[in-house]
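Each of the next two complexes has chain A plus one other chain: chain B in the first, chain C in the second.
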Partner chain A sequence: MGTKRHFRVWRGDESGGDIQDYDVEVNDGEVVLDIIHRLQATQTPDLACRWNCKAGKCGSCSMEINGKPKLGCMTRMSTFEEDETVTITPLRTFPIIRDLVTDVTFNYEKARETPAFAPPAGVAPGQYRMKQVDVERSQEFRKCIECFLCQNTCHVVRDHEENKAAFSGPRYFIRAAELDMHPLDARTDRKDYAQAEQGLGFCNITKCCTEVCPEHIKITDNAIIPMKERVVDRRYDPLVWLGRKIFRRDQLDGSAHGDSMAPSTSVGVTGVAAGTPFSSARPSEAAPVRDDGRMDVAELALPQQGGPSPFGDDQELPLPPGEIVYNHPAPGKDDTGPKGDAH
Partner chain B sequence: MTTTATKPDAGRSRAAIAAKTLRTDRWWFPPLITFVGLAAWVTYATVRVFMHKWYYVDDYHYLTPFYSPCITDRCVEGSAEFGTPLPSFWLIPEAAFTLPFLLLFRLTCYYYRKAYYRAFWLSPPACAVPDAHQKYSGETRFPLIFQNIHRYAFYAAGIISLINTWDAIRAFHSGDGFGFGLGNIVLVGNVVMLWLYTLSCHSCRHIAGGRLKHFSAHPVRYRFWTFVSKLNTRHMLLAWITLGTLALTDFYVMAVAADWFPDLRFVG
Partner chain C sequence: MTTRIERHHYDVVVIGAGGAGLRAAIEARLAGKRTAIISKSLFGKAHTVMAEGGAAAAMGNVNSRDNWMVHFRDTMRGGKFLNNFRMAELHAKEAPERIWELETYGALFDRTKDGKISQRNFGGHEYPRLAHVGDRTGLELIRTLQQKIVSLQQEDFAETGSYDAKIKVFAETTITELLLDGDQVAGAFGYYRESGEFLLLEAPAVVLATGGVGRSYKVTSNSWEYTGDGHALALRAGATLINMEFLQFHPTGMVWPPSVKGILVTESVRGDGGVLRNSDGKRFMFDYVPDVFRKQYAETEEEADRWYDDPDNNRRPPELLPRDEVARAINNEVKEGRGTKAGGVFLDVSTRMPAERIVKRLPSMYHQFKELADVDITKQPMEVGPTCHYVMGGVEVDPDSAAASGRVTGLFAAGEVSGGMHGSNRLGGNSLSDLLVFGKRAGEHASAYVDALAKRPKVATADVEAALDVALAPLNRQSGENPYTLQQDLQAVMGDLVGIIRRAGELTDALKRLQELKLRVANVGAAGGRRYNPGWHLAIDLRNMLVVSECTAKAALEREESRGGHTREDFPGMNPQWRKVNLVCSLDKSGDVHLERKPLPKMRGELISLFDRTELSKYLTDDELIEFDALEAK
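Let's turn to the complex of A and B:
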């Protein structure tokens, strides 16, 4: 049997609101999101809150608990004293929609303004090969669940709304770092982009983004500071400058400068992407319909049960040897058998 | 069919929450400790640098790091290893060539920036606690854009660490031969910690290998980067430890030079 504890929850919308008091039952092993759900079930059926996975992986239930940006589903009630009042408020940095739900469009606009992954010319999807040691720095940043707690806690936009146009925030600095460190990303203008368009210089490395990250990504040490150092490489470092002058590296290595970079499709953090629809590099695919124009409901309803044949459904097996498109390795066959590209 | 929620108009407002912060923990405590610690250290260092005495123990060749290298005419005999090109004016510290660079190295250090932006400038004092300033432009313009010269300062700090290392080695030569006392342990301990702090610098991590795109093509630099990265996670700790060892070393040399207590000698 649980105990009754005191909670204060912000209720309201863009026209105004206030913090209201509730006494809610708390049981062993529960998290703050459980309390929100109990509130909805028992006292406030209209309390608005985003949530999905309850496992700290979807990044939906971002809220501020006793003033600290946290995930509701990952904040255990056992971390509070029994007689402690728990105050739950929406994210401050973003416009309010209702109760604990905020409009995080700002983040999606910044995401769309950031140039996408650009593989080198001549390498098609499926041909990407890279060494683990080269890509593991980027992989840390792929852990991001886009809860936007870092964006919310960053004082550059939290306390200064006017900086939102010029500042992309920690989540997009790790995106810039992820791509700049990616072994197969061919763009060379990511440092310039981070400095000139994302507002990297606004960051004063007070590390709050790292403190609140539920995925424990070392945002400041592994992304923002390395990106600042990479900007310094290009703009401020005396030895790099001298090395370039003496060894003429700028002429030997065209990639050291932005000359060979592909034209940017992004115009920067100017708000121009506001309202543009989401897009994807992947071409749209038609729905997998049957001849009669309908989709199969389940595998059991397929004309052939089991997985579809890689040779196509109109083939009789075994295939005639002349139609095999691969060279099956077998002793003594290589001299006479069909080659890899033979038909 | 996908439907999207009706979005309110642009220019919407944030949630109306009156309290500036709702944090209930002692968020003011870490910046307060930082403020007190840094202020106390800076006060001690300033007093010592302009004291112009008790910085060298001639018997054992102990030279405090605050006066190394000693380059003014005022330097006592034996303490000036690199000549005395500067005049003795009270405003000129004995280590006038190194102290500005050391100050610059610490001022532009990525850890100290966090520390003093929070504790001294209150921008912000703690996470989710409001910035104390109306306007904020970060490090995008003068003067804070000069934080980007951290790398120059790192190169200088590397050279100064070499000089400090020389001071520590030289201290093993006392009188007419090898000598070893508690002061040597203090000096060597300080130099080791200074090297660890200098090597754990974020700029060093970047130069060592962080700037590479393909680690696999530079295995030696990758190993160096891995080593520096391990140190780098303790950069804050090393920053505080070196403040402590610097003050302790200086105090020990001052005490021995002023004859407050004798050096504990093991050999010589």
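Let's turn to the complex of A and C:
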């Protein structure tokens, strides 16, 4: 019942690659991800591709199919013509790791920079009361499966690497909107924050993100535009305008800037050490070889600067006074003194 | 040739980034421990997102008569009294707190009219009990826990300047071996999937939260990650597994189209009015109500239909029987020739409620069927059949601390990878609450264990080198056997011979074939290099799948009765003597699975008194009933 179909798949890594041709069997009712699995099982076992649930719920198998950002598991083969060649390429906005797998760290970094839900003070767990109509607006955004197709398609970053630092992307605009619309979130500066720190102003509402969303979240209409509108309200409010004339702007927007989660942007070393390369720029030194011809098995990498304590992880410092034994050196009585002192 | 291995120091390493793992990590971090989370996929993609129905917790928001005792009773009944009673008790008591806590992390559950968390009906639960968000509750749970972890990282960033100072997520990282110092956990060895580089995490405490084993089956709702890693890691570290013969086959997985075979249709479709019909159009579940449930279920379609609006005065429809009963019924209908062409039966909501209501109540179901299968569930029935969904068995743990039994210390387990909580069959909705309750406990007790340690265990270099050699072996056999073929063969053995209905002859045959597969897996090869090579990853996972499959097959052959997720055609009834027995798997020195019988812990008096005698008489032995009567007479 299967027919042979022609596929073109991008293969390679960060150093480069190209499109390769495959002829694969396709059966009734299959999706693109099935075909990739068949390629792995029968022709090219090391073809790299992310996937998890295969049901459009986890957002792992994001890829570009005939140039369109899509989920592999939700693209039915029946949507193509019988003799159509299907071309599969990795997401273009993110750095390549291998084949169809890209480095999506950008998104996780932006997630960390978006301030978290702030629980209301004085409301005990179990005492939260919200109306269904009030939670529904935020619930729409919480449908997001983090496939990052919106991030990938957004033209602000798609071909503009330089915008990435200042732009969080649609996924994190709906996160900000979700918290802004959350009935019990204690923070009131979500919109200002989106404008000042997330780069909401870069968005010029082309709705590409809404178009590719597999969850059909109305990203632009329900999140971005409402967030922009109210930001605009504040900015053009004549009283605020007058305030801006009277106060320094940093006094006015202080709360939003002071709580910034963005990492430090300071660069380099000043003073006498200016100009010396960072330690990371120096060539690495090879580890010593042991007698058995193997090198010691591990190099040290720790999550914090400074390395582990030389006293071991078990040792709490300062030492409790009871555990410190210190004998004051007494000349003449001290047998363990330097031999040179003995007459 | 040397291989670079990255070395890290942590207090608690949590393997698995699903609900249980993330909840454990939150607790360990709150206890001040440096915590690592190992995620086999990207952060937030865990299989927990697949849970649709909800999280069971007796909050009593919809029906105020609900309380922990009723929930406890339902859980024990669902597990056919083989549950570890203490786990079921803790679970029922603590689930509401765990759910409420999620709201303080930002979760947005559906609401009742008075603004509380709404609760829905589900198979086996006496009252509406499942906190839910449409039919994407698992996604809400994962996202909430994920965002809580990010918020903790933000606190750490504000304090130390580093997001990763106290809690770090190792995304796309697989642990292949636990390293011991004597019988103490000393660390974990694994690799980054993206780069193929190796890493060693030195830590005195490890929490396993790796989920289930479904990838060993042909038709499964489980994702590729479900290869029994935690089960196998625990076995190799000297811990024990219990209840491995009990696998839950979800009664309603999609059977058409083939590309989505196995994917679940949530039970809430039935809870909200969906009915099962065979190819003759008959609503067949009325023929399959077992005696133990006769009293609680409707006998006519009229009574069943009245229940949806008036549950207090009518008995529930038989479509809401526990999952194992429904799965067996469908299996039987198909076997007797009343199934669909694709080997399933029809599940129909289209004739039961208006289209708008279906879309509102079951949004992601509607969406999923429309997009994946081009089926409009408001207009036509779905084609469904049993799919391997959940393993009740897992690491034998201490109920209070989640510490693994066996000779190893410093090892904890929570969620699907642990065993005992669900007995022989899990109720829908109990898994999401299970992973919150025991995830928290595991994190808490792992931290306490670290605090009590006088001296940190040390990792031996020789063990690291051995783990490295095992991991690299498939790459050194570029022309070895194809891992995908081996996985398909394993799935065929498990699906055909250790599936939903089991027979002694087939199980013996399965064990023989698993031995043959063992030899072939020892010779598996992976073409290509170390960088994001799925063939290599699968080749490494195969050995875990194999040892866990062996446990399942051995225990299934040993248990000569039918109970919950274990049905023996040659021993069709429940046997009260077998209820008193847990089958415990361990690994002997040569790496073979060793099986032994252990008595089930005995329920405390005040708990067993929650049941009435007629119900108990279906499960207990005569001696136990005499004991019960003496207790009640006091």
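Operating definition for what follows: the second predicted complex is superposed on the first by the 236 of 343 C-alpha atoms of A that agree within 3 Å, B and C clash if a C-alpha of one lies under 4 Å from a C-alpha of the other, contacts with A are read in each partner's own complex, and residues count from 1 in each chain.
Just so it is clear, a contact is a pair of C-beta atoms (placed from the backbone, for glycine too) under 8 Å apart; a residue touches a chain by one contact, two chains touch by 3 or more.
Computed from a prediction, not measured in an experiment: that's the story for all the values here.
Visitor: By the touch definition at the top of the document, which applies to A:55: first (chain B), second (chain C), both, or neither?
Guide: In the superposition, A:55 touches chain C alone.
Visitor: Tell me which partner A:34 touches in the superposition: chain B (first), chain C (second), both or neither.
Guide: second
Visitor: In the overlay, answer first, second, both or neither for which of chain B and chain C A:165 touches.
Guide: A:165: touches no partner chain.
Visitor: By the touch definition at the top of the document, which applies to A:221: first (chain B), second (chain C), both, or neither?
Guide: Touch status of A:221: first partner only.
Visitor: May I ask you to decide whether A:206 touches chain B, chain C, both, or neither, giving the answer as first, second, both or neither?
Guide: Only chain B; A:206 stays clear of chain C.
Visitor: Go through the superposed model and pick first if A:97 touches only chain B, second if only chain C, both, or neither.
Guide: both
Visitor: Show me the chain A residues, by the header's touch rule, that chain B contacts in one structure and chain C contacts in the other.
Guide: In chain A, residues 97, 103, 131 are touched by chain B and also by chain C.
Visitor: Please give the residue numbers of chain B that touch chain A in the complex, ascending.
Guide: The contact residues of chain B facing chain A are 5, 7-8, 12-17, 19, 21-25, 110, 113-114, 117-118, 123-124, 127-128, 130-131, 135-140, 144-145, 148-152, 155, 202-203, 205-206, 210-211, 213-216, 222, 232-233.
Visitor: List the residues on chain A that touch chain C in their complex, please.
Guide: Touch residues, chain A against chain C: 13, 27-31, 33-34, 40-42, 45-60, 73-74, 76, 78, 97-99, 101, 103-104, 108, 111-112, 115-117, 119, 125-126, 128-132, 135, 138-139, 142-146, 179, 182, 185, 214-216, 261, 264, 287, 289, 294-305, 308, 312-314.
Visitor: Spell out the part of chain A that touches chain B in their complex, as residue ranges.
Guide: Going by the criterion above, the answer is residues 10, 12, 14, 16-19, 64, 66-69, 84, 87, 89-90, 92-97, 102-103, 105, 131, 133-134, 153, 155-156, 158-160, 163, 181, 183, 199, 201-208, 211-212, 221, 225-226, 228-233, 235-239.
Visitor: In the complex formed with chain A, which residues of chain C make contact?
Guide: Interface residues on chain C, with respect to chain A: 2-9, 34, 41-45, 47, 49-50, 59, 96-97, 100-101, 103-106, 108-111, 114-116, 118, 133-134, 136, 139-140, 143, 147-148, 150-151, 153-154, 157, 160-165, 168, 171, 194, 200, 223-225, 256-260, 263-264, 364, 367-368, 371-374, 453-456, 461, 464-465, 468, 482-485, 488, 526-529, 531-536.
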